[in-house]
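One chain, subunit A, appears in both complexes that follow, with subunit B as partner in the first and subunit C in the second.
Right, the complex of A and B next:
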């Protein structure tokens, strides 16, 4: 090809390429968008869904060099709208906002209890189908209403608080973090039922500590003692009734009690896509042992050692396996749990030796076994939902047998399933202390 | 030597790259079937079978180191039959390009640019593809190596991030052969022929290679690399979505990218990965347009660049027809239809030429 002709062809391609780079029909600039951080879904009137959108006030969060402006006290708005579908409710919100809702940054979806008990599959479709939503967003069930959770704590915005809480609560060993992807996967697979984390608005004994000079709504003035104050002037015998020492749960002298915050007390249990109940505290842990989903926890176990009432063990790592044992028509499930623990807090009188470690391991085994059985009994009898995946284990071992059992599994087989729990604890260390610090 | 512009390593990249990028759109043929948990086994089997078909194509090409398929098919089958065989192969490549343009524009407007008309996406890809094809084998080879590095990086980063996000549960890769061999073998048919399709480009590329005797090895290496990626991606899709949800995904690779979340660092990694893959698909278009043009040019005795102009105009016209959606989508998602088309080309067409060439050679020896 001659150089001139070749040059002409190149120019044609260049111009054609430039024409296609002028922009697209989907162009949206950041100032035109309202960034949604989390979405709450509650049961609305007449079968509709009440959608709460937490729209982040980006200007209020802006940090960086430049003149310091007074930060806005409003960090987010919660827009609420009802609709027969989630997407229509979101669009309806846009009738009163100057910006379009951008849902690409949604990291948490909260379902109110009422709606979750009716079934959530139809509402999950939009999050799965619309490519703007991430499949990694975290699902929660709130035992009151989803819209009540919009309160930031430590973090700047409510949604970041919620997603952060879900992750930190994992290390308390009382909940799970379940993403949209995992929920949908579990829902679709045979022999296992989904769970999500359980969140709730609760009053606590926590207090906000404010800067010196900031006004504090102090309901209990007795916590402030007049100066001068010396130890020599302390009255002997009983302390006066207004002494702060007598009631450590009253407001801190420098702050005020918080009215109510979001907590993550446990797990929400589903059968299919319907919420059937909650497992909180030790009950949640009873499930987590068997499912091998504990990231960390502190166990207060009754001490097997004389003169010591209780021991605190920290859970470092847990592994579990579920093995179905099938003989003829009889199915037994064997759950084996391996826990790596550390002695983290003991009262006086503790002496570390091979014998004491062995006895503590035995006590820990029994403690864990009891927790597992207690939860298992409730899940089998009350919830009738195989959240452990025992059915899935049967399916994987014998798919043909599973095909015969599948329809009756949750209703008739799982509630009466014989489960044998074997726990093997291993105490790794006692934080480098052989004796208690007397 | 004039026209010898490709090194064997570039041919490896040119064979591997289209097969890997196809997975973004065509993996459903494995995960959608009844193999369920055993889909990764189907992928593994398809790699083995694909290697055999790749060896067939590369072996045939190596026998004619200085000729393209359009030339040597006439030598082997005779003037008329050879030209028909060459035009059939070219039609197959051309069909693939049309399907690619159409399917890619549907995919892009479905997941990213929802309000942008599909023809804008298709036309942009077509312009990029045609320009790449016009540049010829040398620039295509160099682009393949660079893109291979980018796509390889995107696969490694994507899978590592996915695993780091805690989204994968490898227990879903069991049971092995719960439903017997049949669904696994059926699921393996379509990916096998995709391996054969990309390997068959060696029938066109060998004559541009500086060391044609090394082409078979380069083709097998490319097939093996892309096979490894296929097995990894299928296993990742099954363990991320579970076999039943994986079967619902039209583009499991895109959905996997949507699942990645690493502590807020890689929040929208899907967009980055998607961009890399789209650029790589533009390369695929360029390669197959180039292959089509050279085969037609050789068969009809005209210059391949002249053919390319007609092909480009033709694609724009054909790909803009909405009626094709029924055909393209049906073919891409239907295992038997895809398998039939590809088996006809690879076993029927290339196989016949290979067989006749082998018989003739045997005859000459005796």
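Right, the complex of A and C next:
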């Protein structure tokens, strides 16, 4: 056999070997997939989990002249199934759909309040274990339910509205954006409890069920019904006011209260993997100050200056440190917050000077301190969950001491900790104006 | 990969003749001396040329003396008839009589013609029939004088040839517009004008038993490695084929491998490129009848450089080189990446794009890889169809064809818009590779990558890339690794990937003096 023929045969063997490696590999053409945008988990009957999948209708959202005409403008459907495990529930959904569920693009997982109060660790496992899920997906707790259906507002895709809201709320100093990765890490670390963002006002199952024209009690959530329906079934021009069609501006323009639009008012507090409560608005900010997680906010502080009632400060940057002071059996926590602020809106008559700035800074210090204490009191007394990571600070300072305290920390020690909060705010500028131009 | 498998002559009809017939001046047969008698000589020459109708024989008497018969021979169209008349016939026929007074007749007439009678610059003595035939075939004229068994060859070629024009395949915006022509002597002159040093060695060789193609080996003595020059010379001398009409054949005949993807020998139409390569220590071959010079050894990064790179300023040419490297990668991989990510790794695609892909592919009847191969083939067909058409029509075919056909295919639902865009992008990117043959190779490479990506996804893609890397690093060109840089060649080229900036020679002090002192402005405001 000539060497060249031998070489060719060698190559054929090599390639054949490669091909045999593939088997029935996970090759799947894009059109075969149902792209899931977000997943909602609710407490189902008898310890089961009710999984809602938001399936994005690609044809309705694709740009440009495609070969496919778009008969309906429904942008997403919600499929809902129950199962003892999340994955099985998803498989159950697939028995009713022509396409396989593709979860690689899921960016939000929403937990209903009921399920979250039971503990979410066992349901998180699948998101951690399965390679398809992203570890960067955002966790969210919804106080009503994780029914998922939401009208697309500005965003095309309903669930992207939610993740976008969480992000804007983050920069408004109202919440945190916690990824799956971060949540799991916090869960595993000693002396700190996880939080997620909190969504409110989500339209729950009732409304959707009502739209279907069926009367199913919310107590029995295991209705197997794709939600909602194509616009074809509706008379032309007479879409139901809350159908997820691509016309958000018209709806927004009416000024009516929009059902199905969520807001992100604050954070959800966990102890371990169980939800213990929510912190909303200024309470959430009180946590964010101390935890150093504030990314920007507008503070409306009562003015220390004569003739001015209130002035608005913008938070530029915040640093905080938690320093445990251990003396014998007594643990005191010292929280130091340094805030860089900017005067962003003041009523008439304000003149910038060394003196006024100093007084505003003092007022801001006091304001922030009060916010921190108020939240702290509630978290210590009511939730008894060390979301600040005081325990972690103790562990870092004195691991041996921590080992003794570990078991009792949340229940007995954290609620009675003496916490000293020190705020040093620094007003950097008064934006563009030195003084009132008039 | 086994090293150095030589190309065997015998392909493409350039088969080595087994019969050792009369063809060619291979010099194996004994030189046949010329007969002294003119009539015999003429008859033998006519016989040698099989009474060729384009063999012109002009018989005359030197100085009008009937006893001094002579004849001029040349091949019609090969030699310049007018030059023959001026250099040989006129002086001998009309003005030689006074010079040939009585006694001179007894001397060596051809020698006297050479020294005293003819004004031709370049006359050589020919002693054998083979030499005479060779001179005639070169386009020179041959003067035979009755009574002497030596002929005089005069150089007065006049075959039709093209003027020096701008090279068509390697267009530059900034740089010389001269390109090689089909006449090797002119091409050599173009190079020599750029390297005015006696160190530029031009060796002449003949290739082809019947075409007897003039091949010139060029190198700079003291710069090119002697082993390299020896090896090139050896390989060219070893060529034994009938026909060598173009340098492309020489390239294949002296190549290291039987089959190769990337051209291992650079070909160029530009004398400035050849001159620069010679100065780097490479060796060039100029082949008669071909405007393409061969430069060896070649390395991969030569494909991404153009002559213009060196004429522009550093930052510009640096960016252009990087763009070309990027175009190489895009052209090779983009279709495969599209296939791999849209049929294996949907999570890699940003969601809005994924939705677009999903929507546009939903209506396509065939699996993505099949559509992809079809589209790629279509683009190749369009390109191939465009090349050989007249220029105006060609452009219309390639552009209109691509746009109209692509658009129509998308609208008819044969292919998805994304795929058409990606395939077109890949093809256009391949045009950004300056070397035409490398661009073709890249386009060829796409098909295996498409195959691998559609069967194995990114796994296959990377596998293919690794195999390609192995292959490229296994290649050698005249003993020089194909992936090596100029520095590793011990050539004087320091810019394999990107060229280095050129340091201005003028000392800073002088620049400063030449600049007028800056006036302070704004102080009087």
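Just so it is clear, the second predicted complex is superposed on the first by the 344 of 438 C-alpha atoms of A that agree within 3 Å, B and C clash if a C-alpha of one lies under 4 Å from a C-alpha of the other, contacts with A are read in each partner's own complex, and residues count from 1 in each chain.
As a convention for this text, contacts are C-beta pairs under 8 Å (C-beta built on N, C-alpha and C of every residue); 3 or more make two chains touch, one makes a residue touch a chain.
Note that the structure is predicted; figures quoted are calculated from it, not measured.
Enquirer: A:399 contacts which: subunit B (first), subunit C (second), both, neither?
Expert: Only subunit B; A:399 stays clear of subunit C.
Enquirer: Taking the superposition on A as described, I'd like to know which of subunit B and subunit C A:98 touches: first, second, both or neither.
Expert: A:98: touches no partner chain.
Enquirer: Using the touch definition from the top, say if A:179 reaches subunit B (first), subunit C (second), both or neither.
Expert: The first partner, subunit B, only.
Enquirer: After lining up the shared chain so the two structures overlap, which partner does A:56 touch, if you call subunit B first and subunit C second: first, second, both or neither?
Expert: So A:56 only meets subunit C here.
Enquirer: Between subunit B and subunit C, whom does A:134 touch in the aligned arrangement: first, second, both, or neither?
Expert: So A:134 meets both subunit B and subunit C here.
Enquirer: Looking at the overlay, does A:30 come into contact with subunit B only (first), subunit C only (second), both, or neither?
Expert: After superposition on chain A, A:30 lies in contact with subunit C alone.
Enquirer: Which partner chains sit in contact with A:329 here, subunit B, subunit C, both or neither? Use first/second/both/neither.
Expert: neither
Enquirer: With both complexes overlaid on chain A, does A:17 touch subunit B (first), subunit C (second), both or neither?
Expert: In the superposition, A:17 touches subunit B alone.
Enquirer: Check whether A:7 is in contact with subunit B, with subunit C, with both or with neither, and answer first, second, both or neither.
Expert: A:7 contacts subunit C only, not subunit B.
Enquirer: Show which residues of subunit A both subunit B and subunit C reach, each in its own complex.
Expert: 21, 25-26, 104-105, 134
Enquirer: Which of the residues in subunit C end up touching subunit A in this complex?
Expert: 1-2, 5, 258, 342-344, 346-347, 351-352, 354-364, 367-368, 410-413, 416-417, 455-457, 460, 463
Enquirer: Would you pull the subunit A residues touching subunit C in the complex into a rising list?
Expert: For this pair, the touching residues of subunit A are 3-4, 7, 18-19, 21-22, 25-31, 33, 35, 37, 56, 58-59, 61-68, 102, 104-105, 107, 132, 134, 157, 160.
Enquirer: Which residues, counting only subunit B, touch subunit A once they are in their complex?
Expert: Listed in rising order, the residues are 110-117, 120, 123-124, 127-128, 130-131, 134, 165, 167, 169, 171-172, 174-175, 178-179, 240-245, 254-255, 258-261, 267-268, 270, 305.
Enquirer: Which of the residues in subunit A end up touching subunit B in this complex?
Expert: 1, 9, 13, 16-17, 20-21, 24-26, 104-105, 131, 133-136, 179, 181-182, 184-186, 188-189, 395-397, 399
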